[in-house]
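The block underneath contains the structure these notes are about, expressed in structure tokens.
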Amino acid sequence: MFESIAFYALSALVLTSALAVVLHRNTVHSSLFLGLSLAGVGGLYALLGCDFLFAGQIMVYVSGIAVLVMFVVMLLGRASDLHLRQVNEFWMAALLICTIASAGLYKIAHAFSRSVTGAVATASTDSIGRLFLGEYLVPFELVSLVLLAALLGAVFFSYVDINEALP
Amino acid sequence: MIEHAYLIPLIPLAASFIILFGAKEDPHSPLPWVGIAAMFFSFCLAVSVFWDFAVGTLMLPYQHDWRWFSFANSVAGKSFIDSFKIGVYIDPPTAIVLVVVTLVSLMVQIYSLSYMHGDKRFKRYFAFVSFFTAAMLGLVASSNLLVTFMCWELMGVSSYLLIGFWFEREGPCEAQKKAFMTTKLGDSGLYLALLMIYAKVGSFQFPQMQQFFSSGYMPTTAATVIALGVLFGAIGKSAQFPLFIWLPDAMEGPTPGSALIHAATMVAAGIIVVAKLYFIFLAAPLALETAAWVGLATAFLAATMALVTYDIKRVLAFSTVSQLGFMMCALGVGGYTASLFHLTTHAFFKALLFLGAGSVIHAVHTNDMREMGGLSKKMPITFVTMLIGVLAISGFPFLSGYYSKDMILASVWHHNHTMFWILLFSALMTAFYMSRLLFLTFWGNDRDHDKFHHAHESPALITAPLAVLALFSVIAGYGLARDGFVEKIFPTPVLASASVAVEPPSRVSSPEARMPIESSEYSSPIAHHPVEEAELPHWLALSIIGLILGSMMLAFLFYRGPQFQTAAAIRAALAPLVTVLDRRWFLDDIFLWLVAVCDYIAAAMFWFDTNIVDRIFVDGWGLLMRIFSEVSNFIDWNFIDTAVDGFGGLSNDLGIGLRSLVVDGQVQQYLMYAAIAFSLAATLILAR
Amino acid sequence: MLNLGLLLPVFALAGGALFLMFIDLLLPSTKFRRLYHLAWIFSLSVLVLQIAALGNPASRGSGTLWIADSFGSFIQLIILFTTTLCLLSTLDYRALPDRYAGTYCALMLLSAAGLLILISATDLLLAFIALELVSISSFVLAGFERKHPKSNEGAMKYFLFGAFSSALFIYGVSFYYGATGGTQLITGVAPSPLLILGLVLILLGFAFKASIAPMHFWVPDAYEGAPTPVTTFLSIAPKIATFGALMRMFGIVFPASSYDLQGLLGLLAILTMTIGNFTAFFQNDVKRILAYSSIAQAGYLLIGVAVGTLRGTEGVLIYSFVYVAMNIGAFAVAQAVGEASGSYCLDSFNGLGQRSLGISLGMTFCLLSLAGIPPMAGFMGKLYIFSSAVESGRWWLAVAGVVNSVASAYFYFRIAHRMFFRAPDNDSGPLIVGPYLYGGIAVAVVGVLLFGLNPEPLIAGVRASTPLLP
Amino acid sequence: MPMLSLIVWAPLAGALIVLMLPKEKVKTIQGVGFLAAGVSLLASLALIPQFDRSLASMQFVEKWSWIPSLNISYFLGVDGLSFPLVLLTTFMSVIALIGSLGISHRVKEYFFWFLALEVGMLGVFMALDLVLFYVFWEITLVPMYFLIGIWGGPRKEFAAIKFFLYTLSGSVFMLLGILAMYFRSAPHTFDMLELMRQQSSWDPRFQILVFLGLYFGLSIKIPAFPFHTWLPLAHVEAPTPISVILAAVLLKMGVYGLLRITYQITPQGFAWFLPALVVIATINIVYGALCALAQTDMKKMVAYSSVNHMGYCLLGIAGMSAPGFSGAILQMINHGIIAGALFLLVGVIYDRAHTRELSAFGGLAVKVPVYAGLMSLTCFASLGLPGLSGFISEFLCFLGAFQQWKWATTISVLGIIATAAFFLRALQKIFLGPLNEKWRDLDDINPRELASLLPLVAIMIWFGVAPSWPLNLMNATVAHLLGK
Amino acid sequence: MTLERYLMVSGGLFLIGIFGALTRRNIIGILMSIELMFNAANINLAAFNHFLHPYGAVGQTVALFTMTIAAAEIVVGLALLLAIYRNTDTTYAEHFNLLKG
């Protein structure tokens, strides 16, 4: 019962704030809603018993990414933007696409209307750790390379060369 | 000598090349003598062959073949190497025709020495004449129908060259083209006949073909079709109705050339080929009948046209056409002997007439008879020889034309009385218009003083050939008709027995031929036309002489004075008819119209080619593109109505359509397609 | 069994990248150019090592999430070769400031390492991470001319499209996980809607990298904007590696035939080549033309995947191989012209035939090869690919392929047309080509001719490589 | 001594040498070009005495493995069908090279492409492996594209690309047909002779499909209606020597393929298509002639006359009889000679007058008698005047076709009249009538042009009077072809 | 609670993400939308792990990887955006149309 209430509440939170992210005129607000939505997703993880994931979600997404985005938004945002429409002329087409796709996704989901949870939620950190250092060792190491590349890129792009900056 | 008969055509051929390439062009070149010498040599050869035959020391036919080329052939899934032969086949008619041709050509060349003297293409003319004669001799002497056809075509091209000899003027150019094209039209019939003959017989050797047709293997329908094809060829070449239109125009060429083309050689070739292939006609009664009627129509129509023409050469041209009609008609009614006899005599007197006319033209520098008159005083030799020629062609008793024409009339009389009367009327017209020519030209007073004043008798090089030909015009008829010699020379072929013993056909290629013969379907081996050693009833023969003399008298009455008012009055009275005749029964107009239609069709075809067929490719691609672009437009609701600007002629609808997918270069447009792909995947895959 | 040794080349490259970054710190700024040399030597030595290991059975086998088979190593050779040549041609590309050489080379090597993993991966997670490694490196590489708005824009579009398709890919992986309970590629899974949708989404994710329609839209923009050596790299290495991965997935593990995906793949193949060829008609920028051309080439390659037979697989490998030669040649000439004239506009090719006949002929040969005209290598590749379609009875694919080849000849010949039929703009002398670029062109042209005239070694090599380990 | 390889590759060697020469050394380049083409010509002439005319099988066969994994071999050989065409090619190449001496612009490239073109043409006639055949077939396209596009007339670029795309779109379908045959054979092979042996077990439906693919490619090259429209454009825009090659050799590749591949490997498809082929042949003849009649540009007229003449070849083939085949092959040779000469002649006058409009001339026979004579002779040869080479082949074609297709042959024979009409009209407009004063200073033909024309004219007369020499070359083969 | 509900939430989130990616004019908006799509995938993974494959934590691990990758991507993206903003002074997607056709 609690689970249902929590689920629906969290779902509503996730979806409405997601809608707000994509629809809100003010990009700053959008980024705030993004954090909210991501937090809601974290809540869903918790409901599913994914404790480590929940923690990761809050730490990486809500406190990392969402804040980073907000930071950039504020860096690049301009007051004038608030008066501009933030949705382009494709919205009708996009809506159509999403409507069409939703039918398919609904059908997929519907196939699992009877599958209820079988296992009791247990702490999964242990098995995650084993996977990280066992089967998924190489991906784990590889991710570091990805992050390294991302880092290189980020540095490269945001680096202001003294010589270049001069006129 | 007979074993060297192959030299008869080859020597003039060689001479023509020597003349053409022997030296630079020179109005006074001595090279034409080479041609004359060559022709004399050929003439001597031909005469010796004929003489040997006439005195009985030589048995004709003579045949000698060489292998020409071999090619693979296949019948019913079996293939083997077949070969064509090239060779001479001389039978009595051939022998005499060779003599006639070489003689006329010799005379024409001698005559031309003077006539063409000083022309800037003097030498070339003789080369053409020699070549032309060579082709004619080859046609006559060949043992292989294919070679005959080749010579036939070569003659066509040399007549083309001769008619257009003075190509700087428009007239000869048009005339030569017309002559070539018209005869070419006829040739296609002969060409098809050749194809059919080969398909049926499998050989082009005359003896083999004769054997095949005589033995009755040939279905009548096939024989008829073949014969009609041959006939069509002859119609073109021998200027029969309705293809005679080219001949009057062909008078644009040098007059001696006309004499050669229209007296002894090219126009006779049609008759000769029909005669050579007479065995086919014998197997095809319908074709024979057609030939007769075509000849009749030609004889009649041409004669009518000659009545109203004032151009001296044109009159002769129509007269030629008319006489050829006589010959064709005679062939059609079975008068083989008569026809070839007339061909022989006609060659002499028509060459004479042409050369005489040339002499006149040479003297007065006009073709229009209305500007002549009274020339007998100035040009006595020409006049006398022309008179002989006119009398001969009119059928004046005991001159050559009398015998041959009489024979033709006789054979027609025995065939069909209606035809006879029409033909007789044509003969009377012949007498009339030839006399008219004579009277207008030589009689009466001079109508054009200036021209008359300058006129003078031609030099000996011109008059001598006239005299020789006049001599032959006089004696040829009697000489040949005496003792039925003509029957010996021109024995009417009959189907029942092959006239010569030849080896059986090496091969009978047509599959039908191997089937048992069903009597109803195949022509019977018995001749349809039993040979009639017929003569006209005496009363008729005599009255014909009278009528001919009468019509000559009539011509005298009409055209005697300097102004020939009588004729003019009659002409005025019959104005519509005269117009019809002047316009040559509108046949020319019909042909011009046909040519125009052809041009129009050609233009339409070309339009079709550039605007329709060509676009199959260009727009084929375009269509492909359009289909794709429709598809992409369907996807792309940001349809951009882009003006199609052709690049490189390739339709670019597809490119435009595809490009419009991304024309804004906006990233979300790109994402859109990815999303569409996603949604399609999500729905379509699951709709299974 | 971890069997990490099988990933040795990857580690070598990644280590090389780290090493370069380290050296970068130590080198004085005047000598940054040496980093390029270092990088290509690195790449080349890995290539040599790989070749040396070809006959070594110890270098074959499978690890937990990866596999080292001859199929993979064949494609790895192609990738390493391409990387080497692209690094070399960078030496003759002036627009890149030397001071970023370290970053550039490191990213290039990382990207190559990612591709090596991608081709060996038998696990979707590993493949995903490899893809991301490649993507992120190439986003940066594509935008490497930081001050250049076109480069920026191309990188941005590339990035957005890439991120979007990554999302699709991982969404597909999640379905795959739902259907199989893992991320490893395993055979014999019953086709359920969940699985199929997952596979299709994964296909779309791969399609992004391989520039298969409808995920190709970024290609022309990114290619045009990116520095030319990077364009060369992007047009070859990721594409071929992705095709390798695609073939692993749809050839072996989820045979397209048993999952009803052949029609879809065939359709995508036709769509891809049609879009590529027909859109290329109207381009006036050579890099863009070549970009669309590379889209079209992906379409031809996809035919081989769609056919799914052994011959199709061989065809893809052969075609990939010759594609490297001809594409490198074409891009190298384009770069040489671009360097000389400062523009990649078609007009800058005007009269090249009169200026430098050799280079123009080389370019012509490469273009002919791309159009699939004998006796160039491209013809042999197409012959093989189309013959696989004919053999399996998919006439429509072969017909679409040949029709597209004809259409493609049109725009390839637009370049030849400019080179030979137009007069040079002004009295410009022979084209000056840097030594490294010249070498690249020479290698490519020799390859194009050699493998066109004597494809036997290539075919034999491919035949030895095709038996895929499951 | 692998003579056939020598013939094929000598021009390539020449091309490579030309490529290495500096472009200023025009004389050397020309010399190398002549040397290379001359080696080919001499080698092919040297084969004549060795060529056994009584054999129907392949001679001088060279077979080496080329791509063993696909069972593709380097397989050359000639028989009575291809040997005359090889001779024609080597011969016409030298003639065209003589004509090429007039090219003064970018000589190096010209000779390079020209020699490359010769390699392709020769290879097509010798290859006995379908892939090899296809490779050579396509090799001809590219040089041709450049030769038309660089040295052509005003619309050369469009003509070049149209030629290229048109022929390429045909040949790719041929490729599909080849592949289909490959996979049908067991073991898979591209060997033509082997396929000829195996074809009897293929079902008619398959043969028809394959035939259609092959025919599409071949018919474009021939060119058969309705795929002929590239020809007028390409001919008109190409430089003179290239028009010569195009007409003399390239068109023959299509007919050759028809006889070599479709007839022998897909006979059932061929037989199935015969009624259509005969209609196409008739259309080619009549329609080509009529289109030629509508032309005012000499070169275009000659181009359409090629359409018309290739119709004779098709008709002869459609007859499915030995005379027809002989005629078709001989017609190929003769048309090569005659059309080559015609294009050379048109080039001669174009070089002087810079126009090819028929109506722009008039009365030239007075000014340029030698030229007029040669032109007339060639025109007459082309319209099938007996005694010149066109006649015999035309006649054999008709002879072969007539037994089976009476009506089509009849219509075609009537088409001859149209052929005669357009040639005569052209002759009249150019040479006859009053002299157009504009051309008062026109020069007659010069020795170089004469040197390229006289051999052709000599052959025209030779083959017209005594066709046994070319026919003997092909007789055994043709007999074998039809005697199956 | 059934898997269906979770899948529907995830699907909804994914579609909202797609919608945003297609329609947000601001590039940052697009980036945020793509983050939503990644999260949708993660919900799927977690839910499948929980409902269908409860033994082991592969789904969760993959989700963690995804999170990391998404973070890496957004970092690069934002840096790129910064660089572009410096050059062009805009963050609106439709302003980037130099390259087209």
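By letter and in written order, the chains are A, B, C, D and E; residue numbering begins at 1 in each of them.
In this text, a residue touches a chain if its C-beta (ideal position, glycine included) is under 8 Å from a C-beta of that chain, and two chains touch if they have at least 3 such contacts.
These figures come from a predicted structure and were not determined experimentally.
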| item | value |
| --- | --- |
| Neighbouring chains shared between subunit B and subunit C, ordered by label | A, D, E |
| Label of the chain whose CA centroid is most distant from the centroid of subunit E | B |
| Chain whose Cα centroid lies at the greatest distance from that of subunit C | B |
| Most centrally placed chain, judged by C-alpha centres | D |
| Top chain pair, ranked by how many C-beta pairs fall in contact | A-E |
| Inter-centroid spacing, subunit D versus subunit C (mean Cα positions, whole Å) | 42 |
| Whole-Å gap separating subunit A and subunit B, where each centre is the average of the chain's CA atoms | 99 |
| Inter-centroid spacing, subunit E versus subunit A (mean Cα positions, whole Å) | 6 |
| Approximate Å spacing (C-alpha centroids) for the pair subunit C, subunit E | 26 |
| Sequence positions of subunit B contacting 2 or more other chains | 621, 648, 650, 659, 662, 665, 667-669, 671-672, 675-676, 678, 681-682, 685-686 |
| Contacts with 2+ other chains: residues of subunit D | 161, 165, 169 |
| Multi-partner residues of subunit A (at least 2 other chains) | 88, 90, 93-94, 97-98, 101, 104-105, 107-108, 111, 136, 139, 143, 146, 149-150, 153, 155-157 |
| Every chain pair in contact, whichever chains are involved | A-B, A-C, A-E, B-C, B-D, B-E, C-D, C-E |
| Contacting residues of subunit B [partner subunit D, same complex] | 25, 67-74, 77-82, 146, 149-151, 153-154, 157, 160, 164, 167-170, 173, 177, 180-181, 184-185, 188, 191-192, 194-196, 198-199, 598-599, 601-603, 605-606, 609-610, 613-614, 616-617, 621, 648-650 |
| For the subunit A and subunit C complex, residues of the former touching the latter | 104, 107-108, 111, 135-139, 142-143, 145-146, 148-150, 152-153, 155-157, 161, 164 |
| Touching residues on subunit A, where the partner in the complex is subunit E | 3-4, 7, 11, 14-15, 18-19, 21-22, 27, 30-31, 34, 37-38, 41, 44-45, 47-50, 52-53, 56-57, 60-61, 64-65, 68-69, 72-73, 75-76, 81, 84-88, 90-91, 93-95, 97-98, 101-102, 105-106, 108-119, 121, 124, 127-128, 131-132, 136, 139, 143, 146-147, 149-151, 153-158 |
| For the subunit E and subunit C complex, residues of the former touching the latter | 14, 17, 21, 27, 30-31, 34, 37-38, 40-42, 44-45, 48-49, 52-53, 58-59, 62, 65-66, 69, 72-73, 76-77, 80-81, 83-84, 87-88, 93, 96-101 |
| Residue ranges of subunit E in contact with subunit A within the complex | 1-9, 11-20, 22-26, 28-29, 31-33, 35-36, 39, 42-43, 46-47, 49-52, 54-58, 60-61, 63-65, 67-76, 78-83, 85, 91, 93-94 |
